[in-house]
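Two complexes, one shared chain (chain A), two partners (chain B, chain C).
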Partner chain A sequence: MKIVVCVKQVGALGDEVEFTEDERDVDPDYLDHALNEWDSYATEEALRVRDAAGDGEVVVVSAGDEDAEDAMRRALAMGADRGVRVWSQELAGADPITMARALAEVVRGESPDLVLCGVQSSDAVQAATGTALAELLGLPRVAVVTKLELGDGTATVHRELEGGLVDVVEVDTPCLLTIQTGINEPRYATLRAIKQAEQKEVEVREAGELGAPAARVRNMFVPPKGEGAEMIGGSSAEIARRIKEIVDERTAG
Partner chain B sequence: MSILVVAEHVRGELRPVTLELISAARELGGPVAVAVLARDPSGFTDAVNVDGVDEILAVPIDQEEFENDVYQQVVERLIEERSPRAILLGFTVNAMAYGPALAAKLGLGFASDVFAVRDEAGALVAERSYYGAKVNGEVEFPGHDQVVLLLRATAWPPAEGSGAATVTEVAVPADGSRARHQGWVEVQAADVDITTADFLLSVGRGIGEKENLEQFEELAKTIGATLSVSRPIVDAGWMPSARQVGQSGKTVKPKVYLALGISGAVQHLAGMKTSGTIIAVNTDPEAAIFNVAHYGAVADLFEVAEELEKLY
Partner chain C sequence: MPVLLGAEETRETFAGLETWQIVLWYCLIGVSVAIFALGVTRLVLKYRRGRTRTPIGSPRERALRTARIVATHAWIRRRDPFSGLAHLLVFYGFLVLFTGTAILAFQDDFAEPVLGFDFWKGWFYLGYSLFLDVFGFALVVGLVVFAVKRGLLRPFRLSYWRPIEPAPPLAREAKVYRVGDWVFLGSLFFLALTGFLLESFRIAADDPDFEVWAPFGWLVGQAFIGLGFEGAAAESARATIWWVHGVFALFWVSSIPFTKAVHMLTAPAGVAVKDERAGSTLLPLPPDAKPEEVGYATIDALAPKHLLNLDACTKCGKCHAACPATASGYPLSPRDLVLDLREVAEGALGNRAALGIPPRFPEHADILGTIRPETLWSCMQCMACVEICPVGIEHVPIINQMRRALVERGEMDGQLQQTLETIHTSGNSFGEAKRKRARWAKELDFEVKDIRKERAELLWFVGDYASFDPRNQKVTQALARILRSAGVDFGILYDGERTAGNDVRRAGEEGLWSSLAEENIETISGCRFDRILTTDPHTFNTLKNEYPQLGGSWTVLHHSQLLLELLESGRLAPRKGLGYRVTYHDPCTLGRYNGVYEEPRQVLAAAGCELVEMPRNRDNSFCCGAGGGRIWMKELRAEDAQRPSESRIDEAVGLGAIDYFVVTCPKDVTMYEDAIKTSGHQDEIELREMSELLLESLALDP
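What follows is the complex of A and B.
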């Protein structure tokens, strides 16, 4: 059983932001990096499938620069077996279709039995890379999966729709699934596992021909504050008093 | 050039996002065609025949419910036949499963979670957000005269008024589906209905630990509120899903929504942004929740909770 998990290192902004000179992205110095939350659930699910099968391999694949290996090491520390990182400068800030093209090359070479992605990346919120990748690989897919049971030649999955409605879907395998949070409880990587993960193999590849981008960010900016919230200042006691006032007024009658 | 909207329906009901897509299409200009894929499309044609729709493409399919292979094949064919300049889908769980595939296969422009679209001298420009909705971006599609856009639900008003669209039946032979609908798991009945509460105290990941939850259950009782939560609290198994506010939870509209330690992700806002009065407490002054809140406080939620408790 070979399972590929696509993992992304995501960036989170604090309360300050500066943009790169061309204004097409946020200055990376202002970002905290982490393994995408959805991808930790996808990694956990892959580990469970591997362990239930009794043998096999979980390969984490990421499109990112050298820094992105931190996120891959997280997944390796959780228990994934090895990693492949693919990169070229053109991929910086690339749209999800282009990302999927870079990933497809690598994933195809692995001939996996199952490919897992996260539903979305928390910094780009495209919810698109997985489905695009499935198309490029010619794989059946299901998006937003909250339960997975592998059968013989098929898998039965839960697909969670708006309002929490669950669609039970039978999908032919091999397939690609995009994994939703809550499907499992991702394990913590122990310090020891984090140390050991340093020794695991991460192969680095140059991305090949990527084709025309599907989109390009022209500029990023801090959204103009609309009416915005009326901010309540003061001590916690003052804030609490004001909140009570507002609540009393608005819930009266 | 025309705009193609794909109607979304579940269990025999048209999804409201469809009418919002029609509004967006009208705004862009050009003839608007709405594709209805269903076992019996006529069941939906009246509902989508609203002001501004020029043509309804009724495509009979074998499947009662959404299956991504079928939608992809049909829409691919419609794109080939009609050459629409924009294909508008909702930023929904269904569209996530085939919209990006269309763009990847046909080499079209693509963007998702789009909340504004403009035509600038013949080229489309879309707006979307990045980095926890703290930053917005304008996205262009150089070299593409056809784009697939997944539009954020509730970003456009629903189209209204009766239309005078022509209905064209389109037959699209479809191959078998590799991911097949088997049935539904009903949302479990719950002992609490957060959708009818006047006052919701809603807590998010900011509460940190499971052990801290109890104090907010107490606080809710003390201040006369019903406790609701964001998704991570349900994912962690700390609260049943009946308490979850948001796109995959409940849509609520209480008189007062008091949010403690909730960042304001788009899927959370989808479920509460029309609340009467929104009060948010968050240590991060740039948290997106402050964009929809009426009142905000940059403060530690535990300290505010403690002080609030004392007042009752």
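What follows is the complex of A and C.
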């Protein structure tokens, strides 16, 4: 049983943000970096599948620069067996389709029995890379998976729908699943394990021909505050007083 | 009737015994000693199976310290002087009687036959009789006190009430322990009683005048004579009781390594191996440890001294009575933990294991399968148990090691896991952006130095709570104003500071602690300063005691120490006596961990506050409930129980008319601000950090 998990190192914003000079991205100084939350669930699910099968391999694949290896180390520290990082300068700020092209090359070479991705990344929130990757690999895919049971040549999965509905799908394997948070409880990777994961192999590959980008970011900005909103400043007491005034105003008459 | 000191007062050791009986007696001694030696050997072998290595220190110093503590009963007498005195009577009673017997054996079996030196007569014999008689009586008095305490007074700490329901399957029932306790007391009493009877029958048989030097035996002997029980009848009773007393004594000695009496050996040994710094300075993990070798997951992972600790416990319950988790209905009692681990150790490494008998419970060696994780997560690492344990048990480091194993297996509270991940990514437990760390300093009317850029006298390591928590920021600002007014040259690390990691380490995440410590050490090493200052006792502890393990050795001060220094040197001069009635809560990591008790009190006195002590103060301070990473975990206490912090506020309010509850720890500020509200005492008491009161008393010009 060979499982490929595609992971991304995401940027996490605090409550302040500045943009780069060309206004196409967030100033990296304002970002903390972490393993994408959805991908930690995907990694955990892969580890559980491997451990239940008794043998096999979990390969972590990521498209990112050298810094992105921190996120891969975290997945490796959780228990993944090895990693492959693919990169070229053209991938900086690339769209999901281009990312999927870079990933596809690597994933295809692994001939996995199962490919797991997170539903989306917490920074870009496109929810497209996984699905695009399935298309490029020619694999059946199911999105937003909340439960996975592997059978012989098939997998039975639960898909989360709106309004709390669950769609149960049987899909042929190999397949690609995008994993939703809450499917499991990702294990804690101790710092010791993260340090020891530095011993695990991470192969670095240059991305091949990526084709024309499918989309480009033109501009990134903080939307202007709506007319209807009033930002209340001051001490807690002042804020409370103002809220009471507003409530009184609106409820009067 | 005048009693003259003669040269011939003595008695025959084996009076009335046939040769074969004497031979039999020596054979019995041999058997008894052999069983004793076997028991001790298998204990030593059991302890040697422990894998973790601990530092030893200077054996000479340890021996002297142990001798002093055992001789004076300094640890046993604490917080219960009455029981301490009773134990002192039993201890010296037993010791003198045992030594007396040894002297007699030396005289009979060596001095007299080999050297021809017969000293057991005359004045020596009379003094010997008096001495042994008096100490024998002391032994009986001590035993009676213990029996009254156990049987009639029945204090909470001697009940075997467990806060954990259900108890782990291998836990002994209270009944078993109670039987053991009474058998132990009863057997000693029987030993003393038969000894006195033996003496009295002998006196009743011969009635020699000089035996008045054994006053208690003589009195009873005279009573027998008065009742007409004397001469041959008394002599025949003496012969019988001689065998009863003798054989029972031999049996008793041989049983020492197998019963509660084992504490006669293991307790002094426990005192000897106790490391005073074991709680404040946790042991690093071996760098090459495999995952299964991290912490205490199985019983053989314990350090030999911790295996010894388990056998030293006498179930006195002092830890049980001092533990804030036990008191607040958390599923932990340090005593029960030790007793349950002892069962695990016995099953896996003890006699049964040595004889190849399968353990009572198959999971015996796996302590994490036996001790519930909630039990281990209940601990606040406050050191109250280690502080008061009379036999030197190191509960806190043991629990910490077991937590390390839990963390390694990823078995932890979800909230804790999230906090640890937050600390890893953001460098602080609040998940705040780095640049917000020094925001408190913006509200000051002066600039605070960036110590990374310019030299200062003091490097102020602010810590998470003092930096980010709004209530604590006021305290931090108050201290900054005080330092400014005293002309102290200080700087902070701004966004270069990371969580110091004290509680990360106490939660068992050793790797994260060392990664935080390495980063901080690198940052601090690049700065120029004389000393480090912090207001956070947790930070203070790890910087002062644990960073040296990774190469960061500096002089570290808690602000109470610095403020006292400034007051004493006249750099700070309070202008206004506050006249408040206050009480002071000793933070665990400042007091028990580091022995800083007096400085905050003296600062409060200098500010003109009248200090009223809570019943539980200094080394008996009661934890706020936040320590050991508990502040990051979900509630585990019983629903009907009070939080430790609330019980503490009740204690303070109970003193009557207290203006301020004073603390010197940022976590205490947070915990007790909450507790004052949740316990409904807002109108009766307010919280102040020591610096806030000192600032008020300085009455600085605006």
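In the analysis below, the second predicted complex is superposed on the first by the 226 of 253 C-alpha atoms of A that agree within 3 Å, B and C clash if a C-alpha of one lies under 4 Å from a C-alpha of the other, contacts with A are read in each partner's own complex, and residues count from 1 in each chain.
The working rule: a residue touches a chain if its C-beta (ideal position, glycine included) is under 8 Å from a C-beta of that chain, and two chains touch if they have at least 3 such contacts.
Note that the structure is a prediction, hence the values are computed from the model and not measured.
Asks: Just checking: does A:Val222 make contact with chain B only, chain C only, both, or neither of them? Give me first, second, both or neither.
Replies: After superposing on A, A:Val222 lies in contact with chain B but is clear of chain C.
Asks: So in the superposed three-chain picture, is A:Asp15 touching just chain B, just chain C, both, or none of them (first/second/both/neither)?
Replies: both
Asks: Should A:Ala34 be classified as contacting the first partner (chain B), the second (chain C), both, or neither?
Replies: Only chain C; A:Ala34 stays clear of chain B.
Asks: Applying the document's definition of touch, where does A:Leu210 land relative to chain B and chain C: first, second, both, or neither?
Replies: neither
Asks: Could you tell me if A:Val166 is touching chain B, chain C, both of them or neither one (first, second, both, neither)?
Replies: In the superposition, A:Val166 touches chain B alone.
Asks: Per the overlay, which chain contacts more chain A residues, chain B or chain C?
Replies: Higher number of touched chain A residues: B.
Asks: Touching A:Arg192, do we find chain B (first), chain C (second), both, or neither?
Replies: The second partner, chain C, only.
Asks: For chain A, which residues belong to both interfaces, chain B and chain C?
Replies: Shared contact residues on chain A: 12, 14-15, 185.
Asks: Provide the residue numbers of chain A that touch chain C in the complex, in ascending order.
Replies: Within the complex, chain A touches chain C at residues 12, 14-16, 30, 32-34, 185, 187-188, 190-195.
Asks: Write out the stretch or stretches of chain C touching chain A in their complex.
Replies: My answer: residues 285, 289, 291, 294, 407-408, 410, 412, 414, 417, 420-421, 424-426, 432-433, 435-436, 509-512, 514-515.
Asks: Please give the residue numbers of chain A that touch chain B in the complex, ascending.
Replies: These residues of chain A touch chain B: 11-15, 17, 26, 31, 95-97, 100-101, 119, 122-136, 140-144, 156, 158-172, 175, 178, 181-182, 185, 211-223, 225-226, 228-233, 236-237, 239-244, 246-247, 250-251.
Asks: Note which residues of chain B are touching chain A in the complex, please.
Replies: 10, 15, 65-66, 68-69, 91-94, 96-101, 103-105, 107-113, 125-126, 128-132, 134-144, 147, 150, 178-185, 187, 198-199, 223-224, 231-232, 234-237, 241, 244, 247-251, 255-256, 258, 266, 276-281, 284-286, 290-291, 293-300, 303-304, 306-308, 310-312
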